[in-house]
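Which chain is which? They are A, B, C, D, E and F, in the order written, and residues in each are numbered from 1.
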């Protein structure tokens, strides 16, 4: 089945970005297709490579980037939401790209299911 | 339709909203802080049992374990893991009552 | 992914109060973009989302941008399938006359039905 | 003690918590989405009137105006602006029930 | 601002559920730092905050750091004034035996009293 | 009176950072002293100069920086919370500095009132 994933909350502050990651990984491991992961609202902060969590904690951006590389996923960070929150091309980690909100509509059109995580 | 609830029933009205709109027979999945609604012995137990008369109630094992309440689940609530969560979403359109 | 040819049924559900969080504002931005894709768009207001279209908003003293004019402009985007849950409206002290747009009032049991009819929907 | 409530009573139990712990006579200030609790004609009106029998209830004008409900405040609720908010905090220790 | 000489009464109130949000974790970090300042520290658990000290947490499958060991270490920081609201505890299906630390059980009307006694307090 | 301000939520996502700003400004205009504004949890994101909101919207970091300059305020962004969220010395705007959580305890000791804003 073709999934789309929408993430509305930032890393660490809420468990939503963890849940979205675990769900996406489980869907891929079951052989589903994930057409796009769309980062919106505070979700855009998941993409910053400037994050440096404590050594014994998960690194949320890096974990997303590794998943992207393994499955060649499409990660879109909403440009308008990103600009409001200080996220731009210079700070996003590997595998993320900044794009328009229309790319969320595209997922809604093409995916069999869009699952949203947040607040 | 599958209804996802991720907030504690003691803090948020998310589960109440889900139940108000959910048709009889539509499943509900409790995860993140939503899992507390599936805990036995709480002031919410009667309410979740009432909800279970109209809906299958699922709860995410990973979030139960994190909170130390894996052995306190109300009888009849179905425990699933992330692969099971994916299967449910495959079967149903999904609404998020954050 | 490119644009599709056939129109899909898509919906945005507003269910959070305005201004306390950005959900309704960024949900509305999403509506405007969706409107450009020539799909079959619906909008539904439930729970505290009914407050998002209350008339007479004056946000000047808070410094936050007032999004009422944008809701008023929805018709210009040919988005005409607007619905609102009667119970949410009435329990929050509102009637359709209090709103900047005039959605069709529906009953609670039609909410899940509307959601099920969509190809996909988002909740803000 | 002054109790600050910033969430809608339809979404969150913040105001209920504040009231459970607030001593009789302790004031409550509603701001942000908390101002909906002070709106007349809602399903919450009886509850806020009951709260007002034990507490002064204040509401922030700026947040009322933003939401288009400045002319819908329950009788007896006291409207204040940010300078008035500062005065209340000067008079009372302050708890935030977010 | 430098360190003060006399000890002030300071309190951290936990009132949110663990892991769903970072409030309890970053609240706990705050407790540990406060503990180094030689002040008169109290900790209070109310509402969903009582869940923050539930025993038997196993966060491995979520990937989130388990903070239970840190709560257990509070005694080592000489933080011994621990309180918990009876009603919050009981309505959430818990007793003191279910907790990793053993706060003194208090009634709801003592909560504001404890808050009032502090120079300042924070709520997480 | 000596105030301390604690901010726990990020800009734009929640009204809390707006409320904190308006409260702080009103307290200063009334002649109160604001010993420190402490940015914790997602509140640290208020400090990023990389934010670029829409032209017709408020610029939350710049507004804070202007208030700091006008009243010579002390703004501390919690280092541990900042690192988790990709906020560091390179991205914070004028008037903000990154500091330890102990500086929040100091406010609690010295201020007559600490008012916290969030979630």
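FYI, a residue touches a chain if its C-beta (ideal position, glycine included) is under 8 Å from a C-beta of that chain, and two chains touch if they have at least 3 such contacts.
None of the values given here were measured: they were computed from a predicted structure.
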Chain C and chain F share contacts with A, D
Relative to chain E, chain with the most remote C-alpha centre:
C
Which one of the chains is farthest from chain A, going by Cα centres?
D
Report the inter-chain centroid distance for chain B and chain C in whole angstrom, where each centroid is the mean of the CA atoms.
27
Nearest whole angstrom, what separates the Cα centre of chain A from the Cα centre of chain C?
25
Measuring from the mean C-alpha position of chain C to the mean C-alpha position of chain E, what distance in angstrom results?
41
In chain F, which residues are in touch with two or more of the other chains?
8, 12-13, 15, 22, 41, 54, 57, 80, 113, 116, 119
Chain D residues counted as touching two or more neighbouring chains:
6, 10-11, 13, 32-33, 62-63, 93, 96, 98
Could you list which residues of chain E touch at least two other chains?
19-22, 47, 62, 64, 120-121, 123
Report the complete set of touching chain pairs.
A-B, A-C, A-E, A-F, B-C, B-D, B-E, C-D, C-F, D-E, D-F, E-F
Interfacial residue positions of chain E with respect to chain B in the complex:
16-21, 47-48, 51, 54-62, 64, 66, 68, 91-94
As the complex stands, chain B meets chain A at residues 4, 6, 31-33, 62-63, 82-83, 85-87, 89-90, 93-94, 96, 98
For a test of understanding, state which residues of chain A touch chain F in their complex under the given definition.
10-13, 41-42, 45, 48-54, 57, 61, 80, 83-88, 91
Can you list the residues on chain E that touch chain D in the complex?
13, 15, 46-47, 87, 108-109, 111-113, 115-116, 118, 120-121, 123
Contacting residues of chain C [partner chain F, same complex]
19-22, 62-65
